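Shown next, in structure tokens, is the structure this report addresses.
When the chains are written out, they are named A, B, C and D in that same order, and each has its own residue count from 1.
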Amino acid sequence: MSHTVAVAGASGYAGGELLRLLAGHPEFEVRTVTAHENAGMPVTAVHPHLHSYSGLEFAPTSAETLAGHDVVFLALPHGRSGAIADSLAGIPLIVDCGADHRLTDADQWAAFYGGEFHPPWAYGLPELPLAAGGTQRSALSGARRIAVPGCNVTAITLGLAPGIRDRIVMADDIVAVLAVGTSGAGRSLRTELLASEIHGSAGPYAVGGVHRHVPEIRQNLGAAGARNVTVSFTPVLVPMSRGILATSTARLAPGIRADEVRESWEAAYGHETFVRLLPEGSFPKTADVLGSNLAAIGIAVDEAAGRVVAVTAIDNLVKGTAGAAIQSANLAVGLPETAGLPVNGVAP
Amino acid sequence: MSHTVAVAGASGYAGGELLRLLAGHPEFEVRTVTAHENAGMPVTAVHPHLHSYSGLEFAPTSAETLAGHDVVFLALPHGRSGAIADSLAGIPLIVDCGADHRLTDADQWAAFYGGEFHPPWAYGLPELPLAAGGTQRSALSGARRIAVPGCNVTAITLGLAPGIRDRIVMADDIVAVLAVGTSGAGRSLRTELLASEIHGSAGPYAVGGVHRHVPEIRQNLGAAGARNVTVSFTPVLVPMSRGILATSTARLAPGIRADEVRESWEAAYGHETFVRLLPEGSFPKTADVLGSNLAAIGIAVDEAAGRVVAVTAIDNLVKGTAGAAIQSANLAVGLPETAGLPVNGVAP
Amino acid sequence: MSHTVAVAGASGYAGGELLRLLAGHPEFEVRTVTAHENAGMPVTAVHPHLHSYSGLEFAPTSAETLAGHDVVFLALPHGRSGAIADSLAGIPLIVDCGADHRLTDADQWAAFYGGEFHPPWAYGLPELPLAAGGTQRSALSGARRIAVPGCNVTAITLGLAPGIRDRIVMADDIVAVLAVGTSGAGRSLRTELLASEIHGSAGPYAVGGVHRHVPEIRQNLGAAGARNVTVSFTPVLVPMSRGILATSTARLAPGIRADEVRESWEAAYGHETFVRLLPEGSFPKTADVLGSNLAAIGIAVDEAAGRVVAVTAIDNLVKGTAGAAIQSANLAVGLPETAGLPVNGVAP
Amino acid sequence: MSHTVAVAGASGYAGGELLRLLAGHPEFEVRTVTAHENAGMPVTAVHPHLHSYSGLEFAPTSAETLAGHDVVFLALPHGRSGAIADSLAGIPLIVDCGADHRLTDADQWAAFYGGEFHPPWAYGLPELPLAAGGTQRSALSGARRIAVPGCNVTAITLGLAPGIRDRIVMADDIVAVLAVGTSGAGRSLRTELLASEIHGSAGPYAVGGVHRHVPEIRQNLGAAGARNVTVSFTPVLVPMSRGILATSTARLAPGIRADEVRESWEAAYGHETFVRLLPEGSFPKTADVLGSNLAAIGIAVDEAAGRVVAVTAIDNLVKGTAGAAIQSANLAVGLPETAGLPVNGVAP
């Protein structure tokens, strides 16, 4: 029995990717797509790649247009999801791709985002290994309100969480540097996102601990069992549209031998469909997962440096956003977790 | 009075860049260019962008073709420079862009490169601040044999050396992740360097402390005053031809306040032509230095993480190789250090 | 009832794309994948994006390994398909992605390819409007041997064929210039295909009428009704992995008014699933069809120049190769023509 | 004796490139740079690659700030140059990079641009071979007002003008398709110029004869001797920042043999520094001329199609704009034509 779906804020990149994936979903049926500035326009005028939506127009984003659906996906700027969510009380399942319901700590919200704090929703990272045992998946089964993780957060968290939980690595001096594609910045008209500025160039942003994803990383690694998490996190914009390649390093815990490291990751992910641990000596590139819901991870032990290096590749728009939203929604409504989600990348 | 120049191994990317820069040099006059496989071909058949070399052909690389020049630049694979250098004893100045004469420690050579060890030459990183005071520049004045640093090494070294020398940051747990362009891998026919594999994708290589540049980084930071250097170094290939964006982090030394950090870098580089420290809150992208001999550096203090983050952008073929070679040669023969070296990048 | 499938030559880009698409096909079941040099290797070692093929290895390409399947897709270099096809007489359906069975004229084969001529197979471009009425689709229903068109050929043919058939445009002075991605050149280790050579650069190849696709374009437009076809065809390699953007122009036939042009294309493609005629004033970009089996076409009449301009975007690996192969195979075995074929692109 | 220079509208890409090239010019000394929105900002805040301009700020663009210079370069949007030029009567030399003074025909201006028509200035394409004999160079010596050609126009004109003048090819059915980089569209905040939209994609614009460069192409080929020029011109935006690769085709004139074609181009360009005719069978790519003032041209005769194909590569910001401006200014003030202009490209 299929579920009717509305996607709010569907004129951006995350919203477009939700539509692309939902078009191939066997049980979710998109009935309504909404937008703010683009209300009234054909979907294909904004997303000319979404040929299957020919004939459909964006409705305005409002409580009225979203009412009456079984599932509502919100792909709105942060601050907007929280505001509208209150008026959607009757919707059985809401999945928020924005940040409004991710953080559990109001002070961290105030420090990194500001504005009104909204209480956290079930956190949509099913594969996150928990200190308490099991995975975050258990919190998603039957959930009615889900917060989709930040894309950078997903890449770093999946890269390091197994070793954190198993006390193989220490969380007190994590360093993560991410090569990120431009779609993560959204469809924003900013000079620094123009193609002429991005072609042939790599440059960082939000350097020095100010990126909004920092508290969410700490929160996740805390859930995996870390007491004191410190993370130096630097995203680097590189000339590609999609993809995150996270190089995350953590110090090897005292007394742990190199040959004990790998089995922690194998235990965490050996049975996961959407997390692929690569063989010893292999590391992923983002093209390997482009368009798919996979996180591909390679790990190495640098004994001279005393650090474990975890390299994680995800598609920021799929496993980093829209795919995670659908995966979590599948769990929430009792569908197979993998329904409608590609496992093969589009390459070359 | 001009100096006659030969460039050996000029059919690769580093050699081509030497030719490009030397074409605009007021005192170095290219007389001979040599190649191995391409001997006998017109220079413009291999480097169609070097229009000013129309009419010139590659000679074979040999002691005979290189003899009789005032300056010989070697742009050969490692292992080859050392072998040919012995037969060029009469050349007043040899500048080696390869690795053969960089390392001072034969054990490190054996561990990371293998093959015959060659004694170190004067190290061609003029701006390197030394523990003993002053800079590496003093070792280059009048030098007859110069080893050009590795490109990744230059980016990391320049990023962190001031704080290391001034004991602002600690060298015992450095983490550096570099977004690097494909030209650093040379003109090698390898599947993973095909455009179809690289477009729209980021992926690491030499993960886990095995990259050959590791001992050279340690050597440099040792020269800057560090006792025990450990460095976790991960290069990430991104879809651009040129450029290195190094994100290098080091732990803040105990007792150092955030506001004490910046002056160390200012003191080291305030008078340097080719190292530009960006204003507080600004960070470079590689396009800012493309085609130029500049290293542009931005630094931030992440107090929560207890780390200083230094972001360095260089053009791997210029400041990372050919520009460094010419800058060092300028010093060696007593020319103005800046002769023939662009300070403006080519952008967008 | 599903059909067992083998893919021969599956380690190249076309073969990889066949595997990607077949993984999502409801009725074709890949049992065997073969390769030449990579025989014995895991599929995911060569195609790390094809996670669903984990555990499968390449068999050698031979009559033995291909025997016994319902459908064999050949993704071999030209000259190789013809040779092996003879030994596969018992296979119910063979679909050749190479050139060996495309041309009907042995002289043209000799002039443009050389080597042994093989008789033509049913030509796999279902939407091609025929002078005789109807489309090429009718030749594919029940076919046992199918030749998949060349990718550039598909883009130009679909762009102009309606107007040719309806005598809206003339075929005697066609000019087509194509921006093409690098994957069309295959996984070949050639210097000019290295990422460093391709980034930030556009350059032509096969200039002046020597490209092997020229006779096939003439053959198709002849099938659409043209008597004397001449075509000036220039492919330009641009920095992207996938996609063909064909700008094809033909002179307006005498007496045809601009407002009569559009209806010809509308009549030809109005009911086609995989050819999308864009609204007046709209033109496609290759990202609109990336990963999908669509050809998106925009047309304009340049009255001052007396020419119709047809701009066609396809993904060279899908509608240009692997998607066309599967679409034709669907027709051949009586499945819905659209089975397993994406209509939405992957963007941004 | 050096000439004082002001650059108006210097915060865009054309203006930035003027500054880059002028920094290396031996006789032009930049005293003033102006901007509209960015007035008061440091030059390096807008152009972080122009390190040599550290310390300089943008003045507002006005008659007052531009007064008193020997040479004023205008890099303003069309419509703006004409307006301000009237107030700069006392400036010895004004070089306009915009369109306001290019067209000789007021009707064409009205049809393609609209707004006030300004009388034409000396046209800055020195190498243009004229029907009357000689080149356009003669009109530039001593000129006081110069209009720099449109970038696409330069590429097409240089590609075909020799054959037009020598009646080797016919001008009545020219077809030109250009692969163009994004910098040609300027630093405009438009969604379709965002990196995410451009990466990995090629798409046309101004299809069907509506591009503003059409009348200028006709004007130039008329100056080369054509009576009736018709040109079908389609620019295709491809994923690179700089560069134009123009594929221009014209029908071979009746009675002309293929072996008579080449000498026309050789005669026109054999002595030109900035136009390089490639050897038979060779064709340029844009990387060959990136950052340089060269136009590289390859020609082929497609006998079957009855057309000559001229492939021209230029850097749109150099030979297409800023380099042409400086080359023309050199001629105007009596300096060596090549002063300050690079002939080698920056590659790879």
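Just so it is clear, contacts are C-beta pairs under 8 Å (C-beta built on N, C-alpha and C of every residue); 3 or more make two chains touch, one makes a residue touch a chain.
A quick map from chain label to UniProt name: A, B, C, D = N-acetyl-gamma-glutamyl-phosphate reductase.
Remember, predicted model here, so these are calculated numbers, not experimental data.
Asker: Considering only mean CA positions as chain centres, point out the chain farthest from subunit A.
Answerer: For subunit A, the chain whose C-alpha mean is farthest off is D.
Asker: Would you mind telling me which chain pair, C-D or A-C, is linked by more contacting C-beta pairs?
Answerer: So, comparing the two chain pairs, more contacts are at C-D.
Asker: Cα centroid separation between subunit A and subunit C, in whole Å?
Answerer: 36
Asker: Among the residues of subunit B, pick out those that touch two or more other chains and give their numbers.
Answerer: 13, 181, 183, 196-197, 199-200, 239-242, 284-285, 287-288, 290, 347-348
Asker: If every chain is a node and each touching pair gets an edge, what shape is that graph: line, ring, star, complete or other?
Answerer: complete
Asker: In the complex formed with subunit C, which residues of subunit D make contact?
Answerer: Going through subunit D, the ones touching subunit C are 173, 175, 177, 179, 181, 196-197, 199-205, 207-209, 214, 230-232, 234, 236-243, 245, 247, 249, 251, 283-288, 290, 298, 300-307, 309, 311, 313, 347-348.
Asker: Note which residues of subunit C are touching subunit B in the complex, please.
Answerer: 13, 181-183, 185, 187-191, 193-200, 239-241
Asker: Give every residue of subunit B touching subunit D within the complex, in rising order.
Answerer: Subunit B residues touching subunit D: 13, 16, 20, 23-24, 47-52, 183, 199-200, 241-242, 276, 284-285, 287-292, 294, 296, 342-348.
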